[in-house]
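In the part that follows, the structures are each spelled out as structure tokens.
Next come two complexes built around chain A: one with chain B, the other with chain C.
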Partner chain A sequence: MASQTLTSSMQPTDVYGGDEVSAIILDPGFSSVRAGFAGEDTPKSFVSSYYGVNEGGQVFGDDAIHNPLAGLDIRNPMSKEGIVEDWDTATRLWEYAITSRLTSFKQADPRNNGLNDDLKDLDVEMDGVEEGEKPLEEHPLLMTETAWNSPKNRERAIEIAMESWGCPAFWLARNSVLAAFGAGKATALVVDVGASTASVLAIHDGLILKKSIQKSHLAGNWLSSQIRTLFATSEPKVELVPHYTIMSKTPVDAGAPAQATYRTYEKEVTDSFRALEEERVLTEFKESVVQVWTGPGRLNSPMQAGMTNLEYAKSQPGRVFEMPDGYNQMWGGERFTVAEGMWDERAALPVAGEQPVQKGQTISEMVKASVNAVDMDLRSQLLQNIVVTGGTTLVNGFTDRLNNELTVMYPSARIKIQAAGLTAERRFGSWIGGSILGSLGTFHQMWISKKEFEEFGSSVVEKRCK
Partner chain B sequence: MSQSGVQVDAECVSKFNELKLGKSIKYIIYKLSDDFGTIVVEETGSDKDWDNFREKLVNAKTKSKQGKEGKGPRYAVYDFEYELASGEGTRNKITFIAWSPDDAGIGPKMTYASSKDALKRALNGIAAEVQANDEDDIEYNTILAKFAKGK
Partner chain C sequence: MTSHDVRDMLDLPGEAAPRPIKKAKLTGPRPVLKGLAREVQNLGGDNPIAIVPETTTFKKKRFGSRKPAAKWENQSFRNSAREDETLVLKHWRRKAESPAVAPGDEGTAAPNEVKLEDSTFAKYNVKVITAEYNDEQYQKHLLSEDWSRDETDYLVSMVRDYDMRWPVIWDRYEYQPPAITLDPQAAELAIVTASKPRTLEDLKARYYSVAATMMKVHKAPETMVAAEYELMEKMASFNPQQEAQRKLFAEAAFQRTREEAREEESLLIELKRILARSEKLSEERRELYARLDAPASTGNIGVFTTSQGLQQLLQQLMQADKTKKRKSLMGPDGTSPAGPSGLNQQASFDRRDSTVRGESISGPSGTNNKKGPSQGQTERRQLSAEEEILYGVRHFDRITSSGPAFRAERINKPITSKSSIQQQKMLSVLTELGIPHRLIMPTYAVGEAFDHLLTNINLLLEQRKVTEKIQSEINTILAIKKQKEEEAESKQILRQPEAVSGSGDVKVEEVEREKSAAPSINGRKRSASVMSAVSESTKRQKK
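Now for the complex of A and B:
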């Protein structure tokens, strides 16, 4: 990397002197934005990517968006593939994530920091921000991105950092590379299952092999849709009742109808608000009840003694889940069926308005396609260096099943999967990687400095952050 | 590409050249300096016993940024000598080993992985590379098996 090293005269050490000023690490995803200071173990700021809109303007953050009284329409600035669609809002959301939680920032004057703006006055107000102090003038910014981010979006990111936020230095890092490095691997097959996207890709010597990138929607939100189908098709139908609708509840026996008093709101909440709140219940269900059939074989494949694995699973102790309204029941075999579609397309439950799951979208088939897309000589090394990351991989049994599927798929290969044991390292893998990288004293020569940006323009990001 | 930007000490290259040219050095173990700023030579050896060399990697330590000592990653170059299966004599492969045990801390693992390229680029004449994350990966036979496949 010597060619990229700045000469000492160019090094803007006077602007950010090593350890004195920490870099900010910003890791935006579809469901949450992670932000914090480099060198820390976990992101201090963890903010929902969803934001609310009402006649008063946009509101950000968990304290604001879950308010049923505000008449909010809930939206998300990211596309389903985890790249930014609405840049104006994404910028404001990220700025909120950084300035609201990271202590050394004084929030800009609330009259003109853009967070409380009336939508119609936006243009005027934004001009006000330009003249004032910029939020990140003292902090270099390391941002993460997906492997399939577009060149245009990458340039947009550096423009926001440099022009809107006044950062003295910037770096854009691939989240999958950070996850691989964090596992101690420069060469790895990264299986990343987040909220909206599941992806598999190969990294060789720190570089993503473009042709190996595979992605599908069989991730956390899809898993939620499976649970919705399960609830809707249960006998009797299970009502998904979010917390905000409940005033009080009385304990009831398992399977008995709920005995709850409901809250009424003068103004009906929007569908998108209800969906957001339902999602919180589903998240709880995913964390406490859902289980991936770990193998051997698939859930619907026969076991010995004329029994399928599902029948066996049903005979095992179930788990009780209580809804916010007090309704509760034991979930047995069903807690396996909702996750089976990730591995076996025929087992996926139908979701209204969506195409049936294709074979090529399952996790194991994506691994196969990704491995087949790379050079023959590299394949066995990749299979020995599989890095599992992303919040949805924390669903019980995920890693074991992946191991079983791949052992069957590649009987003669050595399969080795590395998945961080600490929950935080799995959820925030790429943020933590960025935090370590950004805190290294030597990293200061890698940053794209403001001066470079001014000299070469935003295309410098394509040249430097490969 | 996201790289740490650490420097490679000149001795790393000169020792490597000694290994390459003469036959007095069998292996070199490299580590990151305590401030994680430079890759330096930790030790060189002429001991031909692979298991002794392997022990040194297995027992390598690194201090975390809180000063706590734990398992440490290393880089190493080993002049790997093996007999051809056909019995047609011996071959040598100068092998680069990136050793990063799975149970090391995420900080050292991240730093070593993002600095590897700097060292590898500085060393000219590496015939093979091994990425090793657990003790099985650096068994003599595991590495031999890689070469036996004709790679």
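Now for the complex of A and C:
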């Protein structure tokens, strides 16, 4: 107390230029929606983007959508490119993400405010919210979007924020820019590998360079499809059984068939629900087994003494993964092959119903194309500020491989990769950047106010949020 | 050993007076230092140790100074940096402690709206200044074949929007010529220019030319401050070709392969090593030459067997000795002097040089050692011809008779060296010519011109004086002549006045000669002597 020289009202602004106006940061992605207050270090609200539909209506949130009894059809309001397709649902989903954890709107009648209801009736409650109090009347909203978002979608976003949520101020920021801010950089090359899209783009002074935008589908979901192919083609075939089907299991030896009793449900479980649950198992597999060959060279390129890197990788100790039904197996070289397609188009496993991977879609080629599309003077600077973000980059060895690929590609340039060490910082990179931006005192002049929206209409967002 | 013993040894009188006082002092502070060990206290000797014992009363303090928790309130504020200043956001601020703002919500609402606090961050809103022009100015100064008015406007607005971040401007540059044009011909033209892709250099070149031109239009270059002028110069001299070239080079360097990069790196290291060594090498080599500078001993000894030969040898040695001495005066690395043995020595030098070259042909030190002194000189800054004029550097073939002097001395010198009347006259001439008495900008050229002018004025004054003198002399002589004639008429004696007038004629002639010579030589002294001569003659006349 005695050592405190600055008054506490002065201190924050003088130290880091922060001036918090309790803004809310909303960062919607293909697999999850992140929302929270500006100035905090992680989003308070983390909600799956998938929602369930049954005859009762729509349900949101992890608590509701993983229920096999409800007979839910699982859908996603986002397109494969991370752009909103179904605006009505997306609005409701985001509203759920914000109101369920963040804002304290005036409590409605306890009989139908949802707090006393069980989960099945949650959807009914959501409708009720819309009619009543507008959820964000006291909070400026900072929303993120992908760099390739269409102008129409952007206008839609501001309309929702202003008209249905009643925000006093709004701003739409690119998630890659925010990821760079989150890493403390205004000029950076952002490598963002999320669930549906992998993108590489250059940012100069907080503005994206549109010519440098590169994106491909070689991201988390594609990696899952690779694993599915791996399971289907391995000998013996590995069954992918989600958790909800298992009642009990008994331990078995590695490679031995599973011995488990299965649950049966009266109501038929939809395919989309099963796919969602399978995805959870695959996520576990990705987190614990999958590894990227870190280099040098590619997985299939020869090492010394006529041995390929793959053979070397196979000779290394493998990892055991146990399926929900008890089946377990040691994964050796295969755990490298599934991720290799991100770097080497020839190593990608074929996926049914999909085009083979093109050379230009690999991460390293995207970086190359992106760097080539910017001014010469910026290139070396960008390569010194590569920000890696997105959940899929947490796959073991990703940044090492990226570093190796780039040092081979640009031998004379200095490559410096900035990848957050903490898992949360990597997954929520763009949200954290938004949190920083939204809490800055100098950002207040940027907000699009409600008055400006009313004056200029929704096209104001194109003019202001560049 | 006590002080008593010391005193005893040094034969000083016994007990000194201040001792008891000291003791009394010591007893004062000691008991206060409670926490310290006696040994530690003793370390300080007579002076108490400057250690403040820590007091462990923090607990008491904490509870003692507890105030009611600070009150915070969700204050509204505005931001004057916004275009729409009506947006009112709220942040948590400590409640002002003054009792005036104490009352309830209804009471404060009205005054709050009036004096809403401005954001402390509004001052950071800095905008770039971009070129501005109107139709008339555009037509007059900014017309370009390559750029339409519309596109220039677009460019300038882009520059303003993106705060001169050129990579971004280039990235977002999507100029679409206006779709509807009244004149069909113009529309066609616009369509032709539409597909024109602009490089970053094009954009920069156009904007800089516009900005530089407008700067010139708004403010005359003479009235600009240095920074403005520099900026204008920089923008005006922007060379897009050179910039593009530079980028090409940069790209080539960027896309070097690993081998090339490594090679270049190793070459750079090599170069650094060689440069570091060359200094040492040349030093060593110089030393070696000094040692080898003995008189040449080539040729057979047979020549020196005769007494004449010995004499020659002696002479040669003496010569060599002399050159050595001279050399040491000139510095250790002076050029080889030409002498009787010069030829011989030169030959040996050449030989050595060639061997040196052969040795170290790989590095930059392969150049011969005669480079040594010239290298030393190159360290001095090389001035271009313009800079030499700017700094007033002059080169003399030999040192002037007056020796080195400050140019500043010359500002006052020509006038102060004169008598006050003379000075007055010169100053009045200067005033008449409208030239200030002291130079405002005493550059070398101006100083020379001023000097020249002063000399001329001087000359003019002298000549006027001389003419006046002569005139008066003529008048006197005429008067005398008249007198004499009158006297002669009366007395009929003609000899004396004739002689006087004859001597006067000679003087006049002399003066005339001097006058014609004066402008070509330094006139001042000469004319002064003439003057004195004239005045002497007139004095004599008066006698």
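What we mean here is this: the second predicted complex is superposed on the first by the 414 of 466 C-alpha atoms of A that agree within 3 Å, B and C clash if a C-alpha of one lies under 4 Å from a C-alpha of the other, contacts with A are read in each partner's own complex, and residues count from 1 in each chain.
We take it that a residue touches a chain if its C-beta (ideal position, glycine included) is under 8 Å from a C-beta of that chain, and two chains touch if they have at least 3 such contacts.
Keep in mind the model is a prediction, meaning the values are calculated, not measured.
S.K.: Quick one: is A:Thr442 in contact with chain B, with chain C, with both, or with neither? Answer first, second, both or neither.
M.R.: A:Thr442: touches chain B and chain C.
S.K.: Now for A:Ala180: first (chain B), second (chain C), both, or neither, which partner does it touch?
M.R.: In the superposition, A:Ala180 contacts chain B only.
S.K.: Is A:Ala305 in contact with chain B, with chain C, with both, or with neither (first, second, both, neither)?
M.R.: Touch status of A:Ala305: no partner.
S.K.: Counting only touches as set out at the top, which of chain B and chain C does A:Asp377 meet: first, second, both, neither?
M.R.: both
S.K.: For A:Cys465, using the defined touch cut-off, is the partner it touches chain B, chain C, both, or neither? Pick first, second, both or neither.
M.R.: first
S.K.: When the two structures are overlaid on chain A, which partner does A:Leu207 contact: first (chain B), second (chain C), both, or neither?
M.R.: both
S.K.: Kindly classify A:Met247 by the partners it touches after superposition: chain B alone (first), chain C alone (second), both, or neither?
M.R.: Neither partner.
S.K.: Between chain B (first) and chain C (second), which does A:Ala352 come into contact with in this model arrangement: first, second, both, or neither?
M.R.: Neither chain B nor chain C is touched by A:Ala352.
S.K.: Contacts for A:Ser412 in the overlay, against chain B (first) and chain C (second): which applies, first, second, both or neither?
M.R.: second
S.K.: Residues of chain A that sit at the chain B interface in one complex and at the chain C interface in the other, please.
M.R.: Comparing the two interfaces on chain A, one with chain B and one with chain C, the shared residues are 1, 205, 207, 377, 440-442, 444-445, 466.
S.K.: Provide the residue numbers of chain C that touch chain A in the complex, in ascending order.
M.R.: Contact set of chain C toward chain A: 61-62, 65, 70, 79, 81-84, 86-94, 119-122, 124-125, 161-162, 165-168, 170-172, 200, 247, 250-251, 253-258, 260-261.
S.K.: Within their complex, state which residues of chain A touch chain B.
M.R.: Residues 1, 5, 39, 171, 173-174, 177-178, 180-187, 205-207, 377, 381, 384-385, 416, 418, 420, 425, 432-433, 436-437, 440-446, 465-466.
S.K.: What does chain B use to touch chain A in their complex?
M.R.: Going through chain B, the ones touching chain A are 1-7, 35-37, 65, 73, 98, 100-102, 104, 106-107, 109-114, 116-118, 120-121, 131, 133-134, 137, 151.
S.K.: What residues on chain A touch chain C, complex-wise?
M.R.: 1-2, 7-9, 13, 17, 19-22, 138, 140, 168-169, 204-205, 207, 209-212, 374-380, 408, 410-413, 440-442, 444-445, 447, 449-452, 455, 466
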